[in-house]
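Below you'll find a set of structures to go through.
Next come two complexes built around chain A: one with chain B, the other with chain C.
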Partner chain A sequence: MGRGTSFKRSAGILAALSAVYLLLVFIVPDQYYQLMLTLVAIWAVMGISWNVLSGYSGLVSFGHAAFFGLGAYTVALSLLHFGLTPWIGIPLAGVVGAIAGVLVGLPTFRLRGHYFALAMLAYPLALLYVFEWLGYQEVALPMHRENPAAFMQFSDGRIYSVIALVLLIVAILISRWIETTRFGMALLAIKQNELAAEAAGIETRKWKLKAIAISGAIAGAIGGFYAVILIVVTPASVFSMLTSAQALIMALFGGIGTVWGPVIGAAILIPLSETLHAELGNVLPGIQGVVFGVAIVLVILLAPEGIFWKVRDLLGRDDKDQKPGDVETVFSDPGELIERPEIMSGRTILEVRDLSKNFGGLKALQNVSFKVPEGAVVGIIGPNGAGKTTLFNLLNGFVTPSTGEVTLEGQNLIGLQPSGVCKLGVGRTFQVARPFARLSVLDNVLVGAYVRADDDETAFRHAREALALVGMEADADRPAGGLPSKEQRLMELARALAGKPKILFLDEILAGLGSSEINDVIVVLRKLTESGITILIIEHTMQAMLRLADHFIVLDHGALLGEGKPRDMMRDPKVIEAYLGKRWRERA
Partner chain B sequence: MSDNLILLENFLQALAAGLMVGCLYGLMCTGLGMIFGIMRVINFAQGDLMMLGMYAAWYLFTGFGVLAFLGPYAGPVIAAMLAGPILYVVGYFMHQFLVSRVTGVSVASSDNQGHYAQLILTLGIALILQNGGLILFGSEPNSIRTPMSSSAWEVGPLVGEWVSVFLNKARLVGAVVSILVALGLYAFVTRTRLGKALRASADNVVAAQYMGINVDRAHRIAFGIGTAITAVAGGLVAMYYPFQPYVGIEFVIVMYAGVVLGGLGSITGAFWGGMTIGLVQQLSTLILPIQLQNTAIFVVFLLVIFFRPQGLFGNSVERV
Partner chain C sequence: MVTRRRVLMTGVAALAMSAVSYGSVFAQANPAEVKVALIAPMSGPWARQGELMKKGAELAIKDINAAGGVEKLGGAKMKLMIFDAGDTTEKAKNAAQRMVSQEPDLVGVSGAWLSSFTLSVSEVTERAELPMVTLSYSDQITSRGFKYIFQMPPTGVKQAEDALPALMEVAQKATGKKPTKTGIVSDNTASSVSFAKPMREGGLKAMGIDLLFDETFTPPLADATALIQQARSKRPEFLIMLGTSVPDDKLMLEKVNEFNLGGGRMPIISSGAHIGAPELLKNIGPDLLEGVMSVVGNWGAKGQEEIIQRFKTETGEPWMTQDSISAYGDMWLFKQALEDAGKADKKAVGEALRKMDTTEGPAKYYPGGHIKFDEAGHNVNAKLIIVQWQGGEPKPIYPPESALAEPVWPTN
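This part shows the complex of A and B:
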């Protein structure tokens, strides 16, 4: 796996880009172009700030101007009132941005989707009016001619470009660090499916708050630097809609969710819009905004994830067609049903007492009690609407029960977040497989491995072991997006296994597979059960259930209809009636 | 006049202003309600389309002088009404060529039903309209100035010879027209065959297709009508409110606050939601400095989406 080499490669790219940038700074003819280069770096940083929150986690922010503007005013006002140099003011602006990020995030992360985006929009606009009301319509940074360097006031524009470059490098390094660690994995998992991420043991709220704090800090710091460049700060220039939009546009145009996206976006769009503004600004005063608007409309219609990914997809088209690893050889034919070796210790691992859940008037589950012995494979069966998935959702913390108790090895699970339940040793797969399409199979599994691993190395080992368990070592480096459905299911299984769970909940893991594929997955599952892991499984395919489970729990209309040996259950008239209808009972 | 009476007069004045402004906000919210509330399409450019409506009305009334002969009362009202059909065409084609690429059947099964793509696409359109507007119309604030704008009807005195409420003529005329247009829209959507087809296609794309409705066309028409209604509201607002190409952003927040407050999917709800926002805005001037009027709206907006995302008047809960 090329994690180390890819980091070295990006360090090389970074060094080369910095060299080109510096070269440009020193050969461009005048201050105007130096300023343009400075602005490229500033908006690249702003795009990176947006990307850290919205690109990685998928929570689209329309309000990054709030952090940017607070940073700008922090530098301007601290210089004006306290004579504080921007050398300290800019880091301080970063701190202010981080605090603002957390304060905004705490309430706003309760919202999802477009409500989050719209709520974010309101913060900078509200701040704009507050700063006007406070009398800061125009704050000029006082000149300190006696010691300009100490107050970041240079007559040579190139120095500003160099400072901007340093800030950009810092932002790129932060962003790369997030991308390559479990931080980035957690954010990506949130972007794909927040519930699945929680179930994989990721404390989504904590990571989102960290992301918005770092994002706010970057935006605050660069806003502070922007104030130094602008010299005069007005609410409209730093809190405006266009500021938020520009942050988003840099990242989205260049490429969302990658550190290079905002850099590419700024390198193309800023010179373009600045040049047009300089050439045509007198006749066409809003030309910059039009350029940004057209850019973003084109990107959404033609390359919805930005130039970076479009180019990569075009270049990488050949890779996608590569032959899948030959999985079939891994499987032996299951043949006749063999009795599982007796490995149960006789201890109870999971105990459910009197579990009920009402949704309004609907009783989704009523007074369900059962015990799961360690090492058992328990099949939960019942007709549609019997409450099977509700039971799983209650057990792993997505839904809080109305009454009842659930304990895992004597520890209470009720009231824990799904990530907390996962940490105690509960793994889960979902009815609908949600792979992280752009990541490799190994990275997909890695997301699940971080629950029980303190460092990256252990996580990698766990992920590889999990892939071996499901027979997919050969596919480790394939992109997950191109996997056929069986491999996707197995990968999801591996993701759950990578967290080293004591008990595994499988929600219709065979759904949508053909019969030979079902066989292959069953072979994998049977191998797992021999290793002693406890499994709870929901499945519609009765054939498969009979071959897997050594105990059935039958649910109907939210109530426990019966439990026992699969063969006994299948002969129970009550069960047959509930499952197959009256007609079948008469035949049986 | 005693302090209490002054207080009462101020309160009644703010209340009356709130009701009048609320009707106008209510109308613009019903326009967005067609698009966001019913079709669940996020149109960030709604405020900027309204800005176009304001300019359309302004040009009709002053620029070409076509409507000046109608006099200072009927002229601006007719101009505002005519902004509707003009913006209907704009909305219709904007949907056909741009918005339909990220809405409807094609994205029904994708993540977030394409909401991010809609947000960002319409953000781009908003930027183009705002800044294109700056190029075309200039940055000077305009308004449709008539004698109505600066004169008022006096109601009262209510207590002895004191406590009079002054109703700005432009606002009152605008409010009355708003109510009539909103009622007309309501009748259209609930009574006519086309209106029912529009609601059906908004409600369930697939089922509507099976019923033989041309869903794409229905969506274009609904988008056009939503745009037109908001544009009429814009034309009416322009009678008392100075505007420039960036005016849209102020109102887009008002509209989303109103539509969410009124409950998604309900046209009447959207009207009452807008009315509430108007009242909050005007009554807030009793306790807040005038510059913070809009901040009050943003705070209300945030409170609404935090605590009642299903709206005050709606019960259709949208769980994300």
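This part shows the complex of A and C:
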């Protein structure tokens, strides 16, 4: 299942959908239904716009009305004041939306989670008052009936439906393009774990800004078209909470994180709400809102990820439950470690000098210095709270050190973003594995491959090679969601390897695994070392460490307690005291 | 000899003739119904206004049909169709499109209450060549070159221009002198801003009135102290108070009362029918409202006492607001246009409306008492009405020909 075929398949679906839509446009009895079809397309596009930012990247926006409204006012005001036709006005609205997206994104991406969502809420609310203050409480688009085609003022409703379809197709293509390229991968990685994404070499800020710019552009353009359809623009009709909510509801209902979600949502909800309004509005005013609300609540309860995913899960239940690739039989007991004392005198690849970090009064790390030679496996050990993870975070750029230097092959790493550190050749795994459950194993690994690949093809090759290195080729097409924990660890290892790192930081990669599983992972890691990769590893399981590392670095209370050959360090009284207390040292 | 046969023949002929004539009588007694529509918010925050319009329109249809329907169409009965414009422009447009698509034999429509709805709806009716009569007074409605839109009240700009001279006339009549000092407290919604605009831009100065203060707020208001404090310290002779929502009106009026300026001690003039809504009375009470005036496009007024009375008993509403009386009048207006056109055809009805020039019939239901449209669809002789709360009821006090009560203006 390559990307090319999936794109072709979606092109087929798109063509079929367009044909059905056009057919409907031309067979429905009157303009009322044509208007409904137009509105379906408009809200589908708006849902896609929301999805491009919030569905893919997980940064929930309650403020997409801001872009929509700015687009609507761009078209209305440029037509009113400059006689600019909507044919130009709508693309212009897209540009305005994109600029607004960047301007909104720059400050707002400093926030995460709920804070981001709430901050986004503020923009349309503020704009609503700004436009009232500017005196644009009600802007009617001037009529140019002498030349309807030039000013997009057709009397035939079908033409609007066709224009709406074209806009929808453009939005779907943009969205599919994002989904199937590294752009989508980057956003997905951000959605899952922004820190891990940074560590995998993804410049999260850049991708997020790109996403909000594209999202804003789509929303702006469709807002402009909405103004053409409604003929009148009021702040309440385009900047209201309802507009933002509508975009979100379409995506939530149909399915988040896929381009088809908003399309499904709009195709069902818009006709449903309008029909309820038409049928019940006169009999029981307001009842349509209740029915509509109940329908949405039900869908959210029964299909929390939206209809698209629910249907896919139901359809795909059989073939997705493949048997896992038989990894166990491939590996045997790793046996004892063959000592390689010569490796420690090799060329230094990573050098740490006088590294310190203070969190307020807490000295998390004090004056730690060590060298990692090329091809070596260096274990960092120490009791809980010794500063092991802090050291990793300092090394790969999550935390800036208070003092000290870190160089990789002579290049400074201090002050770089994690993605920058990754670009220089540092791979990292995390204590808690976070697979992208909906993606295949291969796609999960692919996320990490883009950092060193210029094109998709190279990235694919790297990803497959990395999977081969950890012995998981057979699992490439399985969804990552159902993997057992060992495979998850190996997959994460493969993700780090796909970036072709010079040095690999492994943060407790064996935590939570059973003894036979530990053996399997150790075999994989040994194979890696044989291939010449340098590894820096944090681990609690001392026995495992003895079978892996060429060299130990022992930390205690943030300071370097000692370093040397693993066997020697294990017998060092200082080390025993740090781990087990004074009494044990005396016995030893 | 021949007689028998002839008698028979005659009898058959007579029978046939009577059958024919009976048939035609029968046909005349049941001509096809003529459909007119009301499109207004029936759900959402403005549903109450839609309901008031509906009640007025229904009463008119009942009256018209009871009086014999449309004479020229053989006494055809009129039938009212209701379309819910909902709470957004999108829903209003949808409703309009549904209306013109699914009821092609409509001859006229009244609506759509909110001016942004009317702007959107009238574009649809224009394309369908369906005459639309509206109470909305945004200037934009009749400035787009449409042929099938008919705006009954003076436009917003004209109302704002006319309001001040009218008010001065009221003051002059009540107190014998013209006030010279005022202040404005206004929210920043479309109707308030457009109402205050000509006053701010020289209108007050031209009337020789000093503007002592000019405060604008964004609804909803949290506290009106600072705004009304201005009125207490600067003591204008009347206050122009332009809110648009009941909570804001309430806050301001309570503060006015707290500062001992209420009950008409400081005349207050507002704009729009919301200040005369029955709900306001329930919310604020008659004491706070006493003496407050408002400039409106229409109101149940002099000459309509009998209709108002029947409206009250049939609907249980305490009085007839502009929404109800306008919808009532609009139905009679369509009836008149049908009589003039002589056929139940929307284009002919539109043509009849454009040609109409009358002070009779439906003209009684609109202030100014004269219906005549210019090319753009303005009702050229339309006048505004000023209502004033007196004894727990908003009563029309201006113009004199519509007034049901004398204006009260404090003389101190």
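To be clear about the criterion, the second predicted complex is superposed on the first by the 560 of 588 C-alpha atoms of A that agree within 3 Å, B and C clash if a C-alpha of one lies under 4 Å from a C-alpha of the other, contacts with A are read in each partner's own complex, and residues count from 1 in each chain.
The definition used in the following text is that contacts are C-beta pairs under 8 Å (C-beta built on N, C-alpha and C of every residue); 3 or more make two chains touch, one makes a residue touch a chain.
A quick note: this is a predicted structure, and the numbers were derived from the prediction, not measured.
By the touch criterion defined above, A:39 lies against chain C but remains apart from chain B after alignment on the C-alpha atoms of chain A. Look at A:297: by the touch rule set out above, it reaches chain B but stays clear of chain C. Once the two complexes are laid over each other on the shared chain, residue contacts for A:289 go to chain B and to chain C alike. Residue contacts after overlaying the shared chain place A:107 against chain B, while chain C stays out of touching range.
Within the superposed three-chain model, A:385 lies out of touch with both chain B and chain C [touch as defined at top]. In the superposed model, A:245 makes contact with chain B only, not with chain C. Within the superposed three-chain model, A:512 lies out of touch with both chain B and chain C [touch as defined at top]. When both complexes are overlaid on chain A, the residue A:132 reaches chain B and chain C alike. The intersection of chain A residues touching chain B with those touching chain C, taken from the two complexes, comprises 129, 132-133, 242, 285-286, 288-289. Contact residues on chain A toward chain C in their complex (touch as defined above): 29-33, 35-36, 39, 129, 132-133, 135, 137-138, 140, 142-143, 145, 155, 157, 229-232, 234, 237, 242, 274, 277-278, 281-282, 285-286, 288-289.
For chain A in complex with chain B, the touching residues are 60, 62, 107, 110-115, 117-119, 121-123, 125-126, 129-130, 132-133, 241-242, 245, 248, 252, 284-290, 292-297, 300-301, 304.
Contacts from chain B toward chain A in the complex involve residues 42, 98, 101-102, 112, 115-117, 119-121, 123-135, 138-139, 245, 249, 253, 256, 289, 291-292, 294-295, 298-299, 301-302, 305-306, 309, 320. Of all the residues in chain C, the ones that touch chain A in their complex are 42-44, 47, 82-84, 86, 88-91, 93-95, 97-98, 100-102, 115-116, 119-120, 123, 127, 138, 140-141, 144-146, 188-190, 193, 218.
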